[in-house]
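Here come two complexes built around chain A, the first alongside chain B, the second alongside chain C.
On to the complex of A and B.
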């Protein structure tokens, strides 16, 4: 009996110990869902936080607040000073970086996301063409949660559209991978609406160059195996217009070492479905598969060469050619590879098959 | 002193005991340590280490089968009472220190990932109360807990590995065998400690009904854990880039960051909480071994031996700092290597010769 009494006393003691943990009731904390970083003119950074305020029997409102400071968590403290509820970062879904900041390097502001155990790796990241503070404060999205809106927009386009998959995990993977550089989508405020406007390429953590929206399709096709890749229009030389939907595409990289230097061949296989066809002759024509396949192949090859040339000129390697070279070449040397990269030979062979033409031919 | 059949366990349960003794918190972090020198070839080191453990199992069965008792009986039969007991004490201390190291590592995980403000003694006291309760039920209860620690995690591990495998980059593992022999040896050495634990057999051998029949289950248990560790390292190697893995302290826990269900955002809470079952089972087994050893050496009640070790553990957990952790880890790794892979085979050799001499004389 005495023993049992002693144990209960110990238990009571322990349970009060557990009360030391801070409470997390949803309407007593501010769940930061979006964060934006911009370079300030005076040298430091401006951080913008987006968090919903959940009230009993009232609709939820979203708060967007910015402050100036030197580091991410320092600004968090500053904003906490003017918030009636405690701010926590466990629900972060979106991290935006202003373009001018990205040009200087974003590693310092990715580090804190990576370090915090409460932040997941599927946080969406994007570069803002302009200021992220201005974007997060857009009037049009006042009534909804803007960070969730942008995250879902990006998610949706990565799942079914033309954007290649990116998030915190892929960014970190590529940042640390030898022979590959990270890439992130660019979003922009176009007349008060948010829109995906391109793809940003990095050298380590510094923004170097970008491609416009029209080329993202080609980049994604070169990057990885795809099942759905959105629609792509091809304007052919004779004025015919063909719109294809990708059913399956697979870029196969072959590495050959010629005179000590690597050479790449990309065999691009695509299976597509015809979605729209307009002949320049303004007359209904039955679709000539063979002829158009060939023309589309040619156009794809040209486009791919254009993108790869741009990447080589800017010395960024988002396609991971270096990593692919490393897989095949045992005495890979990073420095040596970097000298090869600007004029490495890459040839592309596209093989497009238009499998279906819809219900008419 | 023969163990009565009432306290013995069926041979097939040895599978679960061996599994329990090998899988601890080490599986959450070993991926980084083994890849330190051997890079992404290190998964082969795990397989090699598994083979060594199989050999150790064979040696232990041989040795204990000859003596038909536990390691303390072997020692007294070989070296006489005083020296034998002294050597046994060394092994018993190893078990206690091993349990301490598991506890310290688990406390660190809880503090970093879940509750950073909870003092160490609260966590260690909670775990040790559960452990004390288990061990006072006898060896059969400890085995029951081992069985649970096998059943529970397997389901979660399936979920945990499914998500990263979806985006795995298997090409990370290429080119295979690109490291020197010495680097590979290093990876074997660091995997040795992670998959160590089978030493517990030295104490619980007399508690197995039909030990000869249990031998194949012990080998099967080691095979299972070896495969589990190999798969776990491959999952991490294909998920992280090599430099990224080097920055990640708990690669397997960080995997949980990409898992998101619509009803559960923070999978790691579930995962770490489940680890409480594994850790409790492992510590129960280790402390059972060491308290039983103390009981046999000093002829004291097992209850008091256990109380002394437990209270000591709580105290050390509270006082331990980083240097102590590092030192403990270093010494245990050394002890494990020399005591079980050098000393025990030598003991078998000596014991065989000694026995034969006795019989002929």
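On to the complex of A and C.
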């Protein structure tokens, strides 16, 4: 047994050529944390890399470098030429795509992230309204690690705020899923600071349309079950203002197939908490739960229909209606579905329950 | 030839020759005393003993006063107030007994008949606290170097006639008295036979300590893992006996050997039974995880810092990379350097006298540790990991086992530097294979395969006493249950039974 062990150890040495594997010792490499892709005028792309320079007992500075080229890894090599440390992509946390590039399709530049085994699937992705190079070079974030900043900004908004959860993993899932299109948040430079400005919808990998920030939460509610405590304000017809915090919401999709064509019913169930209430009569009055629940339901339904209509018009399907149809219909045909989609019947039934009204009634 | 030899021993014609044999060897030692107690020639008695082996107190008080009269050896035997006396003419027996502190009384200087009287000086240190296996509460009695005292301590805890002590002599030179202890009716007869047979088969001449015996009779003496417990705690031994384990004690050794054992027993402290079962479970599991931390935290650091930078969470990136920024060595050398330094501090601390050892600990731990980091030779983070690992390795209540844990991280560090995390996993797999193959007295060493109900009661976790119903099954005890009496007719009728 001892001999066998010794032989196996020697064999491992011999088979690996007695040499150590190529090492990536952490302080001898440049850890790329953010990357941005923009369309260049000459038909190629401009890639921007962000990596931190970490020093002992000093605050970390970030390097932002850009170069022009045809492919992502080619540009990596170009930027490596002007870096004192080898650049590696295993710590990538953020990938940004310029809007003009996204309109042409971003698959080529998502593929390289997907193909590299050292890149994890929690990479945050976003579309930049403008140029990602410009955004990553913003003066205000010079002392900050900008890629981590944007990543955390998106992360916290996904966990506690309005944004639905997206990252490389969800993007790829939606991209490869038949009957669903991907969606990504849009960020924008507003007077020198970065802000989430909407939600971008893709047809396969091409940017098609977007919804403004105000509608993102409605979209998130339609998309998935959530407990993310997002706020929704409702300005009712009589001028009353009701702001509700979601405690729990669950959209239930029902698919009915009539002569091979699908009809969708979304039963949107919401449990909410009243956060703000202002009556138009400027007079203190008690909150009539039943009345307002009904009115809020109505308004929710209207908003949802508005979003779905926009999605249908633009031929994008981020809600995955096609995939749901496919689950229920064996002879699903993608081409056929695409012709149905613009006038598919989607009805929404909201059921809002205001569970908590706060410390005053 | 054999017949002739037998005749030699009993025949009176060759007695002188016999006598001369033991006399000759002895008288060349200066501490051998052989003299006539009477001034008159031809009167009895002649006495011989080793001055360094006997207690002169007993000799003068209890033996010499009776040697004034003219008596036969038989009469003398009945009046001397000492318990252990042998009338013998067998020269081998005489030599052996004189060597262990007996005196020989003869009527004439060259008689073959001797009365052997035990006046051995049995002064050893007092029974003290266990030093290596200290506990905060619970009995504070540790074994000492004398076999009889040790057996006495055990018999006090198990005052039953079923506690059997089988004595034998091991080693041609050291003539070490070894005793095998077990409880008849609980311990498995096969285990007992194996232990006795293995001890009898020992051919090594010089047995200095019970550890010699244990390492000679272990199933796999090439293994890093101890397959027996060497303990100085009386309660651990008594508990083991009552569960059906077998104890080996050797004269001159304060450590008693417990066999057979399982891997998990290295995490059991006798203190566990003094606390509430919930608390003791917490500590037992803590010790278990401490061992994993100790053996794998430095290798993981080496592997991740050398190959797997992807695995570092972004929040940890800055402290980890920053602390290494000025270190000129690869993580492997850095870790090896620091680990070896700590081992050296520890080794020097043990070898030096207590007081110097303490100050050395301060120098080694604080001064060197701080200076090394400030000089930029190692990183702060690694210093924390190495310190944590060293601390964790000492949580095992068994000193032998902590040493194993401290050693096994070195091969892992090499593998981690060479193959990264794959190396760490390889090492883990090979260790697990080894542990699964290992046996202690032919019984499986690792306690999670096969899974037994008894290992849930009191091995991985400790359940309350009311739920510890069975003796460990891997010992194959003859008595299966830990209590006497049945459910219908419980023996102790006690309303306050928990």
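The criterion applied here is as follows: the second predicted complex is superposed on the first by the 335 of 361 C-alpha atoms of A that agree within 3 Å, B and C clash if a C-alpha of one lies under 4 Å from a C-alpha of the other, contacts with A are read in each partner's own complex, and residues count from 1 in each chain.
Definition applied: contacts are C-beta pairs under 8 Å (C-beta built on N, C-alpha and C of every residue); 3 or more make two chains touch, one makes a residue touch a chain.
In this text, all values refer to a predicted model and were calculated from it rather than measured experimentally.
In the superposed pair of complexes, A:191 makes contact with neither chain B nor chain C.
After overlaying the two complexes on the shared chain, residue contacts for A:139 are found with neither chain B nor chain C. Once the two complexes are overlaid on the shared chain, A:324 sits against chain B while remaining clear of chain C. By the document's definition of touching, of the two partners only chain C reaches A:54; chain B does not. When both complexes are overlaid on chain A, the residue A:29 reaches chain C alone and has no touch with chain B. Look at A:178: by the touch rule set out above, it reaches chain B but stays clear of chain C.
With both structures placed on the common chain, the touch criterion links A:238 to neither chain B nor chain C.
In the superposed model, A:259 lies in contact with neither chain B nor chain C.
Shared-chain residue A:359: touches no atom of chain B or chain C. On chain A, the patch touched by chain B and the patch touched by chain C overlap at residues 20-21, 90-91, 118-120.
Against chain A, the residues of chain C that register as touching in their complex are 222, 305-307, 309-310, 312, 314, 317-318, 320-327, 330-331, 376, 417-420, 430.
Interface of chain A with chain B (complex): residues 10, 14, 17-18, 20-22, 90-91, 117-122, 165, 169-170, 172-178, 180, 323-324, 326-330. Put simply, chain B touches chain A in their complex at residues 112-113, 115, 117-119, 122, 125-126, 129, 167, 169, 171, 174-175, 178, 239-244, 247, 254, 257-258, 260, 265-266, 268. On the side of chain A, the complex with chain C involves touching residues 2, 5, 12, 16, 20-21, 23-27, 29, 31, 33, 52, 54-57, 60, 88, 90-91, 93, 118-120, 148, 151.
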